[in-house]
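Two complexes, one shared chain (chain A), two partners (chain B, chain C).
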Partner chain A sequence: MTGRSRLVRRWSAGLAGIFLLTAPFLWTKVHGDLATGNVRLSFVPSNALGFLSVVVPGFAIGASLVWMAGLWGRLGPRRPLVATAANRLLERPWALLALGAALSCSGTLMSAKALSLGSFVCLYMMLALGLNVTIGFTGLLVLGYAAFYATGAYAFALVAKFLPGFPAWAAFPLGFCTAAATGFLVGLPCLRLRGDYLAIVTLGFAEAFRELVRNLPAAGGDMGLILPDTSRIRGLGPLSAAQAAWICGVWLVLLLSVSVHRLRHSRTGRAWIAIREDETAAAMMGIPVVRLKLLAFSISAGVGGLAGAYFAGFTGFVDPSTSTFDQSVLVLSMVILGGMGSLPGVLAGAALLYLVPTLLRDQIPQIADYRLFFFGSILVAMMLLRPQGLLGSPRHKLELEGSG
Partner chain B sequence: MTPALSVRDLGKSFGGLVAVQGISMESHPGQILSIIGPNGAGKTTLFNCLSGIYRPDRGSVSLDGTDITGLAPHLVARRGLSRSFQNIRLFPEMSVLQNVMVGRFSRTPAFPLGFLLRTPAWRRSEKEAERVSLDLLEFVGLADRADSWARELPYGLQRRLEVARALATEPAVLLLDEPGAGMNPSEIATMMRLVGSIRDRGIALVVIEHHMRLVMEISDRILVLDHGEPIAEGIPSEVRSDPRVIEAYLGRSEEDHV
Partner chain C sequence: MLEILVNGLARGAIYALIALGYTMVYGILGMINFAHGEIFMIGMFGSIFALGALGSAGLVGAGLTLPIAIVAAMALSAGFGILNERLAYRKLRGAHLLAPLTSAIGMSIVLQNFVMLSVTKGKLDFPREISAPLAQTKWSVGPLHVTALQTLIFALTLALMGGLFWLIQKTRVGVALRAVAQDRTMASLCGMRVDGLITLTFALGSALAAAAGTMVAMYQGVVRFDAGYEMGLKAFAAAVLGGIGNIPGAVLGGLLIGLVEDVTSYTIRSEWRESTSFAILILVLWLRPHGLLGERVADKV
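Take a look at the complex of A and B:
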């Protein structure tokens, strides 16, 4: 009881602190001209009320979710049922084919809005799967993952611009290879060093990449690039373009899930986990640590690039905002919320963190302003209360070792 | 007979501090060479130089006649030298079996795409890695704990798992850094039997150990270090009666007992 009340007190104190710190900026408005010194501050209570009306319920919902997750972690089943079931599914190709077919068919029944939401969920699932390879398996922090997503998207858009009629299906391997090669070059200097250099270097690379495409006339500058119709994901026979995009996304997610799962349960995957657990001991087991880290990071970047090509293929445009820090943090939050290293976990994290804010935004438009605030809170809270993520119990890795 | 491991005039300093110097030794297949010496004598530094974690400043290390001085740890391991660590370094969030299977890394083929399609050849190689690892767990007496988490094993069993994992790399030379540290007498007895049966497999063993009874009983030869330098080398009875050793190391503890 005392533990819980202490927790409640800590949370409310934190909330009050955030409110007090932000209040002066939210409640007041600056009038006049700073140059002439004729400045007047006025009190705007409605701003503060608007802030409160979003943050308080949001914080309450978030806190109770995290609290339930923490409770589940302490008392609940040691092997989360959802994660176990999903991992079993990944071992059964026929069941996955059936699932893919069912989801594809359901595309014909979905509304245009549902198809768009579904395609974006697929997109973020791909990104989360890719980032999980470096963060979850190999234990390397990447803070600029969106750069590789943007690399894939721009590679596709640029090739489509100069090669009219370049088909969307060919863009997936193109996006993968371009981004994997970029990842290899970015990782080469910093993966030879120990420590979190990769985090800083990727962070810088993402910013540099955005400035590069903003200032490159061939890449369309701030306006970005619009893909020619012939290169977009198009309808086929009775299928509309939106349905084709959804079906394409479903199969890409399934393909990537199986590939990443099989990679994890192989000699390479074991070596990655060993590096994450103890780098020196892993090297002593004959594992070329630098080479395997580079492999993990290149694959991760490649999957990001594939997702980028998919994004460009179904939305039909790319612009520099694909490579923002927001995007990187969003994908990072998905991986951490769902559970680093757990495939069902990161897939669930991606769906939750895309769908919840998007659907809430339709209901309460102001919430969009506080997106990053919530992501930050989720990251901190998960690290404190359930570091293994919602579905990420390390125990589920055990029972499915081997090819089955 | 060429020695499995041969070290010549090895030296390593950190800044102005000389950690080890002038060390020469040979280790033969099926024999146990023990390294003893007071704390800070440079025993673990010596192991780090042999296994590639440190690059020695002077001297040479060779395995079966090939020079391995200054090679990276994973290349040293591939050439047949493996080790355990003084402060156990397992992979805690992996199962006991997986820990040993990691040791098979350099002894299994890569299959660039075989793992994706799960080709028969890939399946065979995974099964083989699993079988070898289970055999090694059997050998160290951990077969019934194969599916436990490494971090859940009691201390004494973690030490044995570390030995099994090191054996999985198929070493010709195995370095054990204080295999009996922190163990109770019955665990030490088990560890002694294990070390003996590793020797019987024809592996050259180099063991750092503090338990003098253990050292005197199992060693074929003993090398004594003090302040980073070798002060005596020989069979146990010679070392036991060497006045410099008694002065530097054994003497003090014998006086304590009197």
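Take a look at the complex of A and C:
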């Protein structure tokens, strides 16, 4: 048999299998009869057509994006343009200050809607930068990252509730420290073990945290907490509150980018990469593996907490929905799509995955329901087709694919 | 008090069935199957689809309805288990641990949302015609009250576990499975079809989860697309408690978690029942990471 016909046969067998397995879900509808408690199954094609009409174009767009990224890698310049440009920028303080100033000034020209979108992009960029420290640098999967984001937000809201007039600028270090301490405590039992335990323990922690704040009267239960006006990010002089939030977000993202970049190239960062590449070998070379993994995880959690404090500061409220699995999956998909371990990658991933669903929400109303389905598909498809992410380095690709 | 014991054991038997799937996959691949909770949820829906199909054909009421539904649910879940292995694990077997973990969590999100989008966002009722007689029939032996449904859970769990032990301990396939779990390269050099055996492991674990799913669907009367998330976390805690990779350990862990949950919800507060298994998981990882029956294994280079 030739290779091509074998490939065709395998693909058609796979597709037929998927069709058969999904058929009861897609093509039928269950009718319950309340009086007798009986159920019946009937054939309803409209259900499947509605589903496929969203999923097929979505997959086609995603596949062409991956294909174009691959084409650019083969045909484009040898040196990775984006990564080089980002590295140069991050190592020149004057260029960074100029960029920050330019973005801040552009805030005066932006509409209220653009400012709010921009502030949320900054928020997700911070979260993606933070998660990247554990996933991208140390190679550990965290599934409940939103819990640390919520920790920071709740820490700020609770302190502001009992200490009226607590200023927003002081909330950033507060959010960082509480979340980092929480991360330290959560990571302590499981970081001595293999990487997969951290994933599931953080997943459980996010759930437990949400239950905790819902049942705690001081945290406002399901309603959440509203911050007093004196603690929110306020306007200053000619600047409105929205402009101040945008400027604050821009500078925080720049500050975090530089810090993460410098950490990555420090002695600690190189040790993280060594742990990611081969934990046993790293331990043999004398790297204190557990201590460094804990450090990475705490820093990651801390950055999440800082982002949470920023969120509470500019929206003025927190509620238990900040710590849902959906939020964690959103940030995880941003890091995986853009390219774990690559700073421009995760920043681009954050902007893309926040802006596309938000801007399309008015045109395609179903997108709110299909969001998570597509995020899950991104995780599977990127691992199979382009594990280094859209902007990741070929070195990371080799490492993730392993020797087989 | 005895009632708590019976309830807890019934709950624990279900956790044990699901935990077996986690532990088998971990035993053979050394990886956690993140989508296992979703496979369980698909089993719940599968039983309703089967009953619905039988209902449309006018076959409800015969004594074989429930067994057919259970077998159909097991087959459907086994199919999804194989699909999960093919898509999320097979190509990434030699890769960095992060890659299969990420794809498996992606798979779990995809399956959960696929069911939400294609079936319903709300709940689906399990046909009361089947479950109500089982839940209402009660047998009393002295102070002990057992419903027919609980008896069915115990009987089915015992039968399935017995079958699994027989398969693993007494048959040639079982020997091959244990060989692959011990040393994959060596097993393949000895002529075993490693890929097929790994697929079989996923299929078996998924089928057990589907049987558990049918039982839970009858117990609760409704099924939801997000039912697998919580159940998966609890069953995982059970597998870790017993010692992940160890089959008797998973059974022991499941029964223990079920008992502890019921006792806490009766003695402390029922709201904390959900957090009990998580607390147990943390404690086990802290104090005895290899579980009650597991062995301490060193990392190999």
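In this text, the second predicted complex is superposed on the first by the 330 of 404 C-alpha atoms of A that agree within 3 Å, B and C clash if a C-alpha of one lies under 4 Å from a C-alpha of the other, contacts with A are read in each partner's own complex, and residues count from 1 in each chain.
One rule holds for everything that comes next: a contact is a pair of C-beta atoms (placed from the backbone, for glycine too) under 8 Å apart; a residue touches a chain by one contact, two chains touch by 3 or more.
Everything numeric here is computed off the predicted structure, so don't read it as measured data.
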Which superposed partner A:173 touches (first chain B, second chain C, both, neither): neither
First, second, both or neither for A:280, with chain B first and chain C second: both
Which of chain B and chain C A:199 touches, first, second, both or neither: second
Contacts of A:289 with chain B and chain C, given as first, second, both or neither: first
Which of chain B and chain C A:268 touches, first, second, both or neither: first
Partner chain in contact with A:259 - chain B first, chain C second, else both or neither: first
Chain B or chain C, by number of chain A residues touched: C
Set intersection of chain A contacts, chain C complex versus chain B complex: 276, 280-281, 401-403
Residues of chain B touching chain A in the complex: 51-53, 72-74, 77-78, 82-83, 85, 89-95, 97-98, 101-108, 110-111, 115-116, 118, 122-123, 126-127, 129-130, 147, 149, 165-166, 168-169
Residue numbers on chain C that touch chain A, as the complex places them: 31-32, 34, 45-46, 48-49, 51-53, 55-56, 60, 76, 79-80, 82-83, 86-88, 91-103, 105-110, 112-119, 121, 124-125, 127-129, 132, 229-230, 233, 236-237, 240, 271, 274-275, 278, 281-282, 285-286, 289, 299-301
Contact footprint of chain C on chain A as seen in their complex: 14, 17-18, 20-22, 24-26, 28, 30-32, 36-42, 47-48, 51, 135, 139-141, 143, 188-190, 192-197, 199-201, 203-205, 207-208, 211, 215, 276, 279-281, 325, 329, 332, 336, 340, 369-370, 372-373, 375-384, 387, 399-404
Footprint of chain B on chain A - complex, ascending: 259, 262-263, 266-268, 270-271, 273-274, 276-278, 280-289, 394-395, 397-398, 401-403
